[in-house]
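You will see subunit A twice below: alongside subunit B first, and alongside subunit C after that.
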Partner chain A sequence: MKLKVTLSASLFAITAALLPRVAAAEVAPLDLVAPIADYKIYVSENLEKLVADTKTFTDAVKAGELDKAKSLFGSTRMSYEAIEPIAELFSDLDGSIDSRADDHEKAEKDPEFTGFHRIEYGLFAENSTKDLAPFADKLLADVTELNKRITELTLPPEKVVGGAAALMEEVAATKISGEEDRYSHTDLWDFKANFDGSRKIFDLVRPLIEKTDGEFITKVSGNFDKVDVTLSKYKKGDGYELYDKLTDDDRAVLAAAVNTLAEDLSTLRGKLGLN
Partner chain B sequence: MENNTDKFKTTRRNVLFGAGTAVVAGLSGANAAEKQGEQVTDAPVSDKTQERQSFYGAHQAGIVTPRPAAGMIASFLVLAKTPEEVERLFKTLSQRIAFLMKGGTPPVLDDKLPPADSGILGPVIPPDNLTITISLGSSFFDQRDWLKAHKPVRLSRMKASRNDALNASLCHGDLSLQFCSNTPDTNIHALRDILKNLPDFLVLRWKQEGSVPMLPPKPDGSHETARNFLGFRDGTANPDNNNASLMDKIVWVNQGDEPKWAHHGTYQVVRIIRNFVEFWDRTPLAEQEAIMGRNKASGAPHGGVGEFDIPDYSTDPEGKVTALDAHIRLANKRNKTSDENLIFRRPFNYSNGVTKSGQLEQGLLFICYQADLEKGFITVQKQLDGEPLEEYIKPIGGGFFFTLPGPANEDDFVGRTLLEASGYQVTRIKP
Partner chain C sequence: MTSKTGPASTPPSQKLMKLAVAGAAILAVAGAGAFYFASKNMKSGTPDNAVVVTIKDGTCDPNAITVPAGRSTFKIINNSDRALEWEILDGVMVLEERENILPGFTQTMQAKLKAGDYEITCGLLSSPRGTLRVTPSAESEAEAARPPLVSFVGALAEFQVFLMTQTNSLVKAVTAMDEAIKAGDLEKARELYQKARAPYKQIEPMADLFADLHNAIDPIADYLEKREQDPAFTGFHRIEFGLYSSNSLDGLAPVSAKLLADVTALKDRVRGLRIPPEQIAKGAARLMGSIADTKIAAGEDHYSKTDLLDFEANLAGTSRMMALLKPVAAPAAPTVVADIETRLAEANTALAALRGTDGYPAYDKVTKDSRDVLAQKMKALADSIDKLNTAVGLE
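Let's look at the complex of A and B:
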């Protein structure tokens, strides 16, 4: 993609005009059938886990088991975060499951503010399970509905492949700041799930461009590895340290890796000939 | 859109029916005249978009080259740690800057890929007088063992002065980029280009944009110093940038105790200084002028007539003409020893929005350069500590940086001399 030699403007214009406007890699649409089918399985597995985990989590909330509910919050979200680009295809459900207080005019007090972060607010900011039962019921109903809708959905290839970059854009725009899980500070769980979800897509389509674009594959894998190494420093038990434990240096390493992955993965659709 | 469609229809009619019918010819004429008139959404016109500064030379551009109307400082955290990575960072920066300052056509990629350029200046990028100046913070050297011994002798981390209320998220940085050009859009375009090309090495920490008010050209070709947001001229006493030997003395590093690689570089000071403009605008003119030491309208020092008259404090030891604590008197005593403390200013005014109290959040993006950071800004700031102007200003951010020497020619790059001094074998850019 980089221009290897410096050409004068006019010379470049001529050269560019002669180049055929086709994607870098020659990938036939049929080549994508298997990776998309595999991805559908990945999504289904995550959705089943999401429904099961949400059941356990919301049961704890409703039973008033504050500590148990708190401990389940980070891990329950992971299967949602891993498939977020697909989950987001249904904006009504994404809003009711995963919106944040600042998406709503009256913030935490807004009646439209529901879902994971509303329960997070109760558990961690108000340190109570009081009045959370209706939110718990709605969350479980919403993720169950999401599972149903996605099961019936044919995944659009450009959404699947584009999802690898979309996950990184999410992290870059609103997660690196620690504003996603602002009451619980379990952002690193989300990060891990977002990166895993992005890498899954990348790994599934990787064989299609491995031969033609080895340099790209090496660079992207290297950045995913860098993220894994950085995140593994913060592993604690089955999960992760709280986000405020993240050092400024490591936050910068993650920010740079996320931005680089976002730049590189933004070319993935084009490399696979998708619009 | 509608005009275009109408015109197109008219043209097609002309083809279908011949150009002879009076009605059609009349319509066509009316449309043509209408198009010649300015449309509200037309781009404003500038005859300066092809102005160009050279990237190459002993010194980096953007210091003693003319100051255009729009400026910006961006400060970054740098993730390039090894000599190889730092070399790639420096080279990529130099290559991007060389292209952006020269202008031209970015590569046209397959339309299934994101475009190589943001496109905000159109398909052909005009130079628009752009300069981008690269400087390194103290932390850049401190955090790399292989560079520690090569740090410029006087480079330090900015410390708070007594009137400062520094916001940590607006201070310091491993690397600063100063963007100057005729329009804010050109600076923003350049920043976005650099961020897109170096996401793995540069993490943006803070940025501040600023501008300088423009004046109409004067018939005799003379110039006036621009005004800041306090309404006073800012930089009247700046050393003459057309005097190369003066610049060698005041701006460019060449002292024997500084590392050889740093010669032809300079120390950059950035300060984001908030002005309490509502309060200032409610202060009597005589008091404003006493605080500054100058006539507000003309810029002349007290006792003088013209802006560039030099105040003679030796005949005013008690401060009857110019108060002893007037800003310009504290900053520059105008005697033999004070020549050692001269700094070279290149400021912009900034305006950011509204504070929580509902006041205007604006002030001065103070930028200055000097060969000796300690004798220059640090000493001058100490002299100013406690000045009456402090009631109206509040420094909230900024940092100290070392501006690297310039790239000699097209196969050179900014930062090469530092890498070579560290013992690293650089490869030149292949033109």
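Let's look at the complex of A and C:
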């Protein structure tokens, strides 16, 4: 079945004229260059760390050091999760690095189920490093390739700015529920990384709208702070408590703040003239 | 990639949501009826005419979609038994996606699409993909032919990253050279001199915008009254003079300290540089032109005779600049962009032809004929780049 959608030019013009003009023109396009450039540097630094951390993690997996590999799982993922809006732009690598069992027909038993969560399944659900070496090699090769591709990629500005909201939506959809790291329960590590990545984007573009949109800045900053304070209660050593330690009250606080943040941050693109 | 299953903690709200969705569906049917009557008096569609895609058993219905370029709205109905994400793919690149669509739910997604052929995902990673054809519209053609300023933001940001990376390498290499000079290590200082030179030459079209720094970092003796003895003879070539002509580090320490201060200042200034897009092609064309017109004949590296290495770095920088502009410039000016690429390749070939097994020969060993060929290629490249700004509507 083939569907053809047509929209007459005249009707388009009428619609465009009727739509409210969002305060977009106040930010000059050239003002966006420095924040996007700074974000690319942030992405590159995270990718370098991801490759280095993944090497250490996969070395432990291949050496059969089960406890060490388990302890490295949460922290290794953080640099991936922090830059997820960019990291997941390549569908092939996103699938091989970070897909869930549910994305595959035969779930955990599917040969295409690879990457972080496949190794997580082995380490935490099967409690073994047995047969994980090929997945470890593949993961390291994939994050290395990801680094290479993103280095050469011109970041689409609307994906960068839209990433602030995308990361909070990601938290709302997969971290609040504890769905993502279902075998290891290290969701709070991912949560923290998504949160930091979102706040980084917000902080980079903040000076562009500080004067015109003070109220928005205050509200968003307040909610970021609320999440930060709540999350910091669960800090443990260099990382975080397991997800089941999160109280219902705190989960509710986080869920509310994250949903509001996702909603508010989704207006950033419009505010910056990138819709 | 995100969730494929729903929030486990909130089953009651899911049920509520399903009721709400059912309610919305009834409203939608009612709305569709109202729309039918309303549209009888209209000749064309409505801004609300979203493309509805239903996903079930790993297939998209419809499986082949055509929309005009510009903004489109997609309504994704998940009639499968698993949560899914829906993506529009350009090769392996994700253009737009909607994540975590729960079974029985519908999500709406807006996408601003350029003309081209894309794929859509239909459930599991292994599910066959559908196709999305985006046909050119008058509006999209006009925008591609004369890209608005905002479409250069990505390229300019990447250019800024390039400038930062190169000035970082520059400061690092000059620091290392400065240490070698202070330590009295002539051999090492020579090696590091060449390392420091390349990043400066890569960003030369931007570096020479700062006249004061440029005159301190890269003056050549030919233009100074007392030549090598002139107090204004500072920077790279003053150090080169010591390293390769006097074969001595005598008196170089203060020159090197000053060069380090100057390249550090350059790094800081480049950081805050607000570069309008037309500056990129303008700067590249100007530099290639001056190489063709004067530098190839006269040479600049009189003592180390490494001019060909300088040209190589200049060309590498120019290639980078053109590659950054290409995604925006190619749809607007395909012929000019293709011509620039041809000229760049020819200039690189002419330069590579001079390269022997031990690298480039000393510049005074390069014959006039070879220099003429190189100059001609550089000139052709400069002329080609010179056409770019007009062709993409930047001037």
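Keep in mind that, in the parts below, the second predicted complex is superposed on the first by the 252 of 275 C-alpha atoms of A that agree within 3 Å, B and C clash if a C-alpha of one lies under 4 Å from a C-alpha of the other, contacts with A are read in each partner's own complex, and residues count from 1 in each chain.
FYI, a residue touches a chain if its C-beta (ideal position, glycine included) is under 8 Å from a C-beta of that chain, and two chains touch if they have at least 3 such contacts.
All values reported here derive from a predicted model rather than from experimental measurement.
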After lining up the shared chain so the two structures overlap, which partner does A:40 touch, if you call subunit B first and subunit C second: first, second, both or neither? second
Looking at A:273 after the superposition, I want to know if it touches subunit B, subunit C, both of them or none. Which is it: first, second, both, neither? both
Which partner, subunit B or subunit C, touches the larger number of subunit A residues? C
So in the superposed three-chain picture, is A:223 touching just subunit B, just subunit C, both, or none of them (first/second/both/neither)? first
Which partner chains sit in contact with A:263 here, subunit B, subunit C, both or neither? Use first/second/both/neither. first
Interface residues of subunit A shared by subunit B and subunit C, listed 1, 3, 5-6, 8-9, 12, 273-275
Give every residue of subunit C touching subunit A within the complex, in rising order. 1-9, 43-47, 49, 51, 61-68, 70, 72, 82-83, 87, 89, 92-94, 99-100, 112, 121, 124-126, 137-139, 148-150, 152-158, 160-161, 164, 272, 274-276, 324, 327
For the complex, give me every residue of subunit B touching subunit A. 77, 79, 99, 104-105, 107-114, 116, 124, 195-196, 199-203, 430-431
Over in the complex, which subunit A residues touch subunit C? Could you list them? 1-9, 11-12, 15, 29-30, 32-34, 36-37, 39-41, 88-95, 98-100, 102-105, 112, 154-157, 169-170, 173-174, 176-180, 251, 273-275
The answer for subunit A against subunit B in the complex is residues 1, 3, 5-6, 8-9, 12-13, 16, 19, 21-24, 223, 252-253, 255-257, 259-260, 262-263, 266-267, 269-271, 273-275
